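What follows is a group of structures, each given as structure tokens.
Two complexes come next, and they have one chain in common, chain A, joined by chain B in the first and chain C in the second.
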Partner chain A sequence: MKVSADHVDASALRILIADDSDSDRLILKTLLKRLGHEVRAASDGREAVTVFPDYQPDIVLLDVLMPVMDGIDAARRIKEMAGEELVPVIFLTSLTDADALAHCLDAGGDDFLTKPYNKVIIQAKLGAFNRMRQMHRTLSRQRDLIQDRNRQLLEEQQLAKRVFDNIAHTGCLDADNIRYHISPLSIFNGDILFACPRPAGGMHILVGDFTGHGLPAAIGALPIAEIFYGMTTMGFSGSDLLREINDKLVRILPTGMFCCAALIQADFHLNQLRIWNGGLPDGVLIRRDGTKEFLESKYLPLGVLSSGRFDASMEVFHTSAGDMLLMMTDGVLEAENQNSEQYGGARLKQALDNASASEQLIDAVLTDVVAFCGHRKGRDDLTLVSLKMVVDAEFRQPAEQLPQSVLKGPTDWHCVYEVRDETLGKFSPLPLLLHICMEVPGLRRKSADIYTLLSELYNNALEHGVLKLSSDLKTSSDGFSYYYSERERRLGNVDGHFIRFSLAHRKTDAGGQLRIICEDSGDGFDHTTELESQATEAHYSGRGLMLMQKLGNSLRYSEYGSCAEIVYDWELAEPVPE
Partner chain B sequence: MPIRTHRSDDGQTLTIQIEGRFDFSTHQAFRNAYEHEDREVSNFVVDLSQTTYLDSSALGMLLLLRDFAGGDRARIQLKHCNNDVRRILTISNFEQLFSIQ
Partner chain C sequence: MNDKPHLDEEALTELQDVMEEEFAVLINTYLKDSSDRITYLRNAIGSADADAFAKTAHSFKGSSINIGAPKLGDLCLEAENAGKANRLGDAAKVVDQIETEFLRIQKTLKEFLS
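Up next, the complex of A and B:
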């Protein structure tokens, strides 16, 4: 469009007039020109409509009664052609009847001027309509700008979301025994849900809810994802992850922003769940027989307490294959219906009771929440995840599928690592030892085996050797929880004790041989009877000797069980690249 | 006004009362309620008797107040919460940081 508004004289307008009376037309044209405007005159409505597109006037003045096409018809067409642009149409009339004047405005006109013309009034009206026209144009421009910026922002967010998804969703959320639902309020949502297999088997799941949603929440989620996947893959425990994540969030988040979260450490081999809940609604553990246990939040959310005051103790639950764990964010309980009532815990319990097959647990709860809310859109993000405990073998180890690294690394080496005194109670050497072994080219694919061997040896040395706990305790559910509380207690008093790992690796024709020796300062145990009893009975856990025998090529105890030696022969999947 | 403040006669205690929903929309008003007071206030009372709802951003604002009032040395009481509000404070274990009555 022409930009008369940008003229030096802002009030100089480009005006189209149409009047079939030659004298009236001439009078008006002269008058407008004297006022400093540019004028194009037409003798009827048809001509006005024809010249309109090329002339692009700022304001149109139309006589109402004209031959060929009258002013009202012309006004309608001109308005159509102008589209979103505001081109004021003012009718010229000698009519004085109120109904007739009103009819002009009903037909799409913006105002009228009565003949004979009054110069002062014409000048004032043109000024008023010019202001309106400029305001309209400013608003349209601003609207277009906002639309443009919004579209740009959404595109950027979509791109950022792809990056975010690549970082955040690399884990094992699609495992057969996990079901989940995430509903985003915006492209990014304040809820996080990560799952990652542990090198020893089993997995970690982190479900959380940041204060607020959108970009700030997503930015906070990124370092959590990095720590969660990184440390889990390296073999760190749930408590280690929690401490690290909390510490990071305390440092990077402004006060007032935090993350309500629950961390689940599932071990399918030991059949146990370890759970930490800080600020999320009660988790529900549904046993195979239908009984339910509620796992309430016992801690402050992540990112609130400094590391000195943060408590990362995880509660231990003994489970069986077929047990289900359900965790959710507060969006579920706070979902509102038309009457602003919240869904709440009572309705959730009812929905869980009604859910017949445990497989459809999440669907049952979701259907119920949606039915309750009606068509009202959720105010908060809403995330649900369920985990089914399975038999160890059903959970596949993804490390075996890793591409074999072609990088060269150390193949012939020996190292001794000893943990002493109070460090025994505070620090697990497993991630470090696993890391050393994973430097061997080709051995990374066997990380699950190696981690299992290291952790079985370490746990035996610590729990049975140093802490003198009897595995018989773990044969009953009561004893099971006693065992773990006793373990915590005794860990406070380990002065004078040690656990020493000696690792040696050498290259063989087919792959390599790893030799692990684990010694401890305990009194030892009768490993001969232990092996026999495990072969005959289905133990809750025992000492995992059977498992180690299966994995390693040889398992040998000496010094009355306080020194264990495992030899692990492994083969490359493909021939060694020369 | 959804947020009212009241100073005790000795000026030591500032009471902040929140009416209706305590969520992000009250962010600025809540901050104004305590930031514009002079330094003599040693006790804070957040009166939640008229509060119908509290969300996680409100929890964040309470943490901001706690920081302002001296962090671990802060003396803040949360008073008269209804059951819904209490439930949210309990889930988040805020009783470890605030005195809740």
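Up next, the complex of A and C:
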């Protein structure tokens, strides 16, 4: 390798030298100046250490043996002051024994020059150390740049997470009958878990797992959260949500990106779970007696199929209080140990069998997965949620605590909305009707009551009036599934039928009065015996008429039960005392 | 053992080339330092300071080698080793040799300059 003299000449260096011998110092100083460098000469180690911070030399040349402070001590202090900066220190020596030379390098010296000085060797060494110094500086600068970028990225992620957390919040996950585990930074590993109470009681839970990691995976979570919370609050069904979310994802996500997900619609008063699983590991329904049903994925993930081919039908499960549903993302099954073995379904089943107290189901599974992986890091990609069915839990959303809207809205109005023919089987008018009522200022706080009244009236009209199903069927478990399959079948043949809602609202001194009339095209049903049987027995048909009587100020049936009228009086909230 | 030349002509010429007009300053500095050092060496023997003796001999050695006086350098090394081994008894004899060699070099260098 040849050192190009031109190249080295081109880079003039600042060089600090220290030598107590006047003649040696004079030779070296003159030599270096002739080579084109800038030189500061010191006559001992202390002087060199003193001038170092101000002079900021590129390279330091030190005699080893000097009075006051020797070269080895000076080298140590100079290296300390230089810190991360690489300032090469070269010892000047007439030492010849190897141990003494090695000692110089141990003290932090980078090389040595022996006397008598040789111009060519000095020039070559300075050139080599200058290249090393520049490389070190480039590396340090790039490292700082990377650190800087990384810090910036983390700051951006934290900021993004704050926005995400506001939109994609966890809703009612803190309810007593829900347990869950999700990584705090789940949004960036693509896992989502939302829960939201439905206006008429019960709740929706959405658990999912986006393909990919980082920001791209997080972005898809935003529209899902918007749709999930928005539509659930407005009273839409799980199937409606699924269709809307799928359609949205198909439109916005690039090909190859999708969301494995499960939607759970829990209706506590009906003792019923509706579940849609698209691409997630089997859910597990653990009955109170310990028997398990595995709910496998029957659909493609969200964001794959166009709306025409997407199937949003949810499987219905009849449940009892105490039954427990467990859902998870595939991070659980794919958790790896040191030997790159995956946790897998068999181990999960074993862990579930061993978990005696079902309350601790999630903790038991988590502990087992972490024990299997052998490190805590294994928890990072795990998302699990368990839902316990409870006796008609009061999951009234805290709408009653909402501040009254300052907006003025309609208070005196009347409208008629009729659903007929095959639309009866395909469309629920409840969200629309609820929306109309929620325009009344002050009535928004009563959305749960209103939704309950509307949905009970509608379901009675549809199932008992139009479809002529008897609620007696629902008293047994067999009858229950027969009831729902029969319901589906009869919905396919509803031509000539209708359900008509007439809503009227007027202002009163205390608040307002909403009058709801629901008529249907059926033959009517015997609401009196229905009412009696509900009062004496705990039926699967649940609250029904009793509830409506409790909520409304009056409930009246006419036309042999095919026309129901409810009057609902409501009052403005009392000003809250300070 | 000391069969090195008194003056390395080649090294001296190169020095002259590097130092240009400062060559005379360098030679005079060297000669002044060296005669001072010979006095230090004798004083160190007088006060039985072997360490100071060795260090002075070491510096003297370095600058002699650099100036192109290898034989003097070797004599200084001998003195340095004697100092390190705390043999100041032998040292006086070496200092005498150093002085003789130095006077010889001084004469040649001064001729070289004129």
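Everything that follows uses one rule, which is that the second predicted complex is superposed on the first by the 543 of 578 C-alpha atoms of A that agree within 3 Å, B and C clash if a C-alpha of one lies under 4 Å from a C-alpha of the other, contacts with A are read in each partner's own complex, and residues count from 1 in each chain.
Heads up, the rule we're going with is that contacts are C-beta pairs under 8 Å (C-beta built on N, C-alpha and C of every residue); 3 or more make two chains touch, one makes a residue touch a chain.
Predicted, not measured: the structure shown is a model, and the values here were computed from it.
Peer 1: Should chain B and chain C be called a clash or a fit once both complexes are overlaid on chain A?
Peer 2: Here chain B and chain C can both sit on chain A without a clash.
Peer 1: Is A:Pro301 in contact with chain B, with chain C, with both, or with neither (first, second, both, neither)?
Peer 2: In the superposition, A:Pro301 touches chain B alone.
Peer 1: I'd like to know which partner A:Arg34 touches here: chain B for first, chain C for second, both or neither.
Peer 2: The second partner, chain C, only.
Peer 1: Please indicate which partner A:Leu26 is in contact with in the superposed arrangement: first for chain B, second for chain C, both, or neither.
Peer 2: In the superposition, A:Leu26 touches chain C alone.
Peer 1: In the superposed arrangement, does A:Lys550 touch chain B (first), chain C (second), both or neither?
Peer 2: The answer is neither, since A:Lys550 touches no partner chain.
Peer 1: Return first, second, both or neither, reflecting whether A:Asp209 touches chain B, chain C, both chains, or no partner chain.
Peer 2: So A:Asp209 only meets chain B here.
Peer 1: Looking at A:Lys119, would you say it contacts chain B, chain C, both, or neither? Reply first, second, both or neither.
Peer 2: In the superposition, A:Lys119 contacts chain C only.
Peer 1: Shortest C-alpha to C-alpha distance from chain B to chain C once the two structures are superposed, in angstrom?
Peer 2: 61
Peer 1: Where on chain A do the contacts from chain B and from chain C line up?
Peer 2: none
Peer 1: Enumerate the contact residues on chain C facing chain A in the complex.
Peer 2: 11, 14-15, 18-19, 22, 25-26, 29-30, 33, 55, 58-59, 61-63, 65-68, 73
Peer 1: Chain C touches which residues of chain A in the complex?
Peer 2: Chain A reaches chain C through residues 20-24, 26-27, 30-31, 34, 63, 65, 67, 93-94, 115-117, 119.
Peer 1: Which residues of chain A touch chain B once you look at their complex with the stated criterion?
Peer 2: 209, 211-212, 255-258, 260, 278-281, 296-301, 304, 330, 334, 342, 380
Peer 1: Which residues of chain B touch chain A once you look at their complex with the stated criterion?
Peer 2: On the chain B side, the touching residues are 24, 55-57, 59-61, 63-64, 67, 84, 88, 90-94, 96-97.
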